[in-house]
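Chain lettering (A, B and C) follows the sequence in which the chains are written, and residue indices restart at 1 in each chain.
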Amino acid sequence: MKTLRSFPGNRIVWHAIIVGVVWLLLLLLNNNIDPLYSAYLALVAMYATAMFGMTILVGLSGQVSLGNGALMAVGGYVFALTSMNWQTVPFFGWEWNAVWSMVFAGLGGVLIGGIIGGLAARLKGPYLAGLTLGVAVGVPAITNRFPELLGGENGLMLTVPYPAGGYAAMDAGGEIAGEADGDVVVDPGTDEGATGEDQQYAELDLTEFDQGNDSFAEGDLLTEGDLLTEENFDAGSDQFAEDDLLTEEDFGTGTDLGIDETAADPGGDAGGDAAGFDGAGQDESELAGGGLIDAFDSEFIIERWQASMAIAVACIVAFAALNLVRGRQGRVWKAVRDDPVAAAVVGISPSGSKVSAFVVSSLFAALAGAVFAQILSFIGPGAFGLGLSLSLLVGIVLGGRASLLGAIIGALLLVWLPELVDGLSGERGWPEQITNNAPNLLYGLLVVVVVLAAPGGITGTFKSWIDKAKGRGRATLS
Amino acid sequence: MLHTEDLSVSYGAVQALKSMNLAVPRGEVTAVIGANGAGKSTLMRTLAGLVRPQTGQVLLDGVSITGKKPEDIVRMGVALVPEGRSTIPELSLEENLRLGGLWRDKAGRMESQQKVFDLFPILAERKNMRADTLSGGERQQLAIGRALMSDPRCLLLDEPSLGLAPLIVTQILELVSRLAKETNIAVLLVEQNAVTALRVATTGVVLNLGEVVKAGPAQEISSDEELRHAYLGY
Amino acid sequence: MTNFVDYLLGGFSNGAVIALMALAIVLVWRSTRMVNFAQVGQAMFTTYVALTVQQSSGSWVLALVVAMAAGLVLGIVVFFLVIRPVKNSDSTGAIIATFGVLIALQAGAGMIWGGDPQGFLTPVDNSGIEFAGRIWPISLYDILVLVVTAALVIGLTLLFTKTNLGLSMRAAAFNPEVARLSGVRVNRMLITGWAIAGATGAVGGVLIAPVSTISPNSFDILLVFAFTAAVIGGLDSLIGAVTFGIGTGLVISLVSGYSDSGNAPIVALVLLALNLLLKPDGVFGHHGARSV
């Protein structure tokens, strides 16, 4: 394992395996649960995407920022504006589609994040927190400044460019699974906007995979995804059970969907060259398809599509985050957080490190914002206020400030706790005033308790328990 | 009189004071000398209550002050002038002084202030200026003045010479020595500059790696060649 | 020109309230070297307490006094339960903890008093005064706000400059070790700082409530304005907090007058960013306080 880790290439392969397996499991999960849960899954993936950035910014780089909610707004608005207004504009020979909007959302985040980060990197903790607080309150207010463009207080309804194949397979909005979530809006008109090219994509998918697998008809997202998942089959090792990140699997195992099969399939064993990819990729998609096929009749379930899209983004971001956090850059961030002077002595630029953490987390936040906009089919200042920024902070602190797994746990908590309270309230008949505020009261109190008693959050606490147990084991052995 | 019995202090794994026995009699200056890291500041900070000893006791006129808080110890009559910047530059000179004896009644405070002004006339002249306008030597006088405002029975001075010209050091130390005799307070003086310290002190204590290697009359120590070579480096 | 003067005049009482909140932030900063992001949340909570008192007793003065007392107590409680255990060990955690308190207070207030905005009656008339043949954009209530604020600021200034308690608090803030060696009970000074800050914020909350209405989140924006003012003033300076608090109020009034009140947060953000860029130590601050 040690020697393995010393080759960065191998580490990347490892991360690809981990992410690929998790991705696959999540897709399987997504296609076998009630669409209501798919909607939750989409939210969890969206929060996790944003919070991977918080892990880096708050946890590793030690900068408490409340700006990430605002950066999500940046991503969301860029996505909305590009996908609505420029849908048919050719871009370097490509028709505009959701993936390009996503890319631009990310670029928007990087740009704004770089500006804020450049300013913030010069500031100590409380000043930074205060400035980003200003960002959290100020940036959504900008929407009022440009009501025609940004829709002002009311925001913009957004026609999400659904994958054409999947979309065509269903009869307009009629089939949306009965959960009357008012925020999910499907506009039949989108269909036209979604361009013929998308259609072709979907058809291609159909022939190649010989399944009507709508959730894979995401065009570019799919191809990117294949790259990641394929790699894991190349490495073809089963050691990954050692990795703590694999506890994420627990999340998926409950539904037992042929995990053994996936894990056992070694696929190609060549060291990640292009030749090995194709075969393995085929393998993978067939495998995935095999798990999914039953779940998909010809009907298009929007929650499932949203979840698969959110999961795709979350997995790609997770892959990038894993490589950053566990690579050299992660050590740089931590070094600057722990002792900027010492870091500067060994040639690390403290402000450079801080700006880079800002930029990366802004990129992730913006992507999450774009996902959020698609989930809501709407974008407005209300959804991206101080509350959202605070939620991200709460999630990351509860899950574990410096851990990507903590970000996932935090995301789960953010989605699950309100539902739990809602359920309890339904059983016990609490008044609305209590029910509405109970989750936030819990969050607030939990944040304080965690900071005081378990600064590592849930993951940190588990880790210290495990370390303790290991320590004791060793002591009795010797 | 201030004395310690088997005083030991460690910072984690580093043992900074090892079973130290020390007596600081009234009416005279006792000088503690030793190289960097010998444990001099640790001794002073322990006596003043800023550091808690692991074992042993600190007694003031036979009463234990071990483990008490610094704010209580200074009320009992032990005042420390810590190493380095020990005035508060944001406050005026008069406020810095006043701070030294806030808990005392006004009459007592005024009396002490008069004494300080007699001792360091320059402070009286600049009463209303901010402390950061003072020179290094004046600041050190102010720091000693602040400690004297508590009307101490025992005055602890940690390297008052730090960063000062030799002439000023001699002046200040002679004033301190006079003060000890005239007001019958016990002065414990930590110095790296052994020659000057031993000149004004009655007793000398040589510290090395947290232990007393030699304690005796100041002249005896300053004339001990071997000691000088081994521990004092001159 | 009359517009300009009117907008300016209209900004003073808001500015006074921002100044009070900024003062509260500065008081906490001076005692514990941290920004209490829950400060305005505490003020929101005590303002609800005041509202309850006013509704049941009908007395504005009593409501104000009760709010101050509640602010005092809440400041002490937050300090003891949250800040004291964490402040030395984990500076990032301390910042986060204050946000935790903010979230909990807002949710708590929502549970007790509901989320709908509620009105707060003024003790005196709150419509523009008629004088010299025209109606001015200043009411009797605005004047009351200014008087109460001025009284509080003068009181605090006297406390800090003329009393032994004030000297002890300043010493404890600037150099806790020297303060302790001088016999100051530093921990008590920190608590006192938090308590006074709580009471000051509480006054600000009660004063602004009739103008802004009160709901659990209605003071969020005030936090941004107050932080901006406190930071521009240097975070350490009471005079700075008051000056720039009122200054921020005037700027906001002008911005709202000439464009739209929705732009106020953006202006505050720009002011804050510019200040942090150009005058990194604040106008009344000491060098090296902020940058890394």
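One rule holds for everything that comes next: contacts are C-beta pairs under 8 Å (C-beta built on N, C-alpha and C of every residue); 3 or more make two chains touch, one makes a residue touch a chain.
Note that the structure is a prediction, hence the values are computed from the model and not measured.
**Student:** Which of line, ring, star, complete and other names the graph you get from chains that touch?
**Tutor:** Topology of the interface graph: linear, an open chain of contacts.
**Student:** Which chain's mean C-alpha position is nearest the mean C-alpha position of the whole protein set?
**Tutor:** The most central chain here turns out to be C.
**Student:** Taking mean CA positions as centres, which chain lies farthest from chain A?
**Tutor:** Chain B.
**Student:** I need the chain pair with the most C-beta contacts, please.
**Tutor:** Going pair by pair, the biggest contact count turns up for A-C.
**Student:** Using mean C-alpha positions as chain centres, tell me how far chain B is from chain C in Å, no decimals.
**Tutor:** 43
**Student:** Which whole number of Å gives the spacing of the CA centres of chain A and chain C?
**Tutor:** 38
**Student:** Nearest whole angstrom, what separates the Cα centre of chain A from the Cα centre of chain B?
**Tutor:** The answer is 61 Å.
**Student:** Report the residues of chain C in contact with chain A in the complex, numbered from low to high.
**Tutor:** Interface residues on the chain C side: 29, 34-35, 37, 81-82, 85-86, 90-97, 99-108, 110-111, 114-115, 217, 220-221, 223-224, 227-228, 231, 260, 262-266, 268-269, 272-273, 276-277, 280, 290-292.
**Student:** Name, in rising order, each residue of chain B that touches chain C in their complex.
**Tutor:** Listed in rising order, the residues of chain B that touch chain C are 48, 50, 69-71, 74-75, 79-80, 82, 86-91, 95, 98-103, 146-147, 149-150.
**Student:** Residues of chain A touching chain C in their complex?
**Tutor:** Contact set of chain A toward chain C: 58, 62, 64, 66, 119, 121-127, 129-131, 133-135, 137-139, 141-142, 144-145, 340, 350-351, 386, 390, 393-394, 397, 401, 433-434, 436-441, 443-448, 451-452, 455.
**Student:** For chain C, which residues are in contact with chain B within the complex?
**Tutor:** Chain C reaches chain B through residues 164, 167-168, 170-171, 174-175, 177-186, 286.
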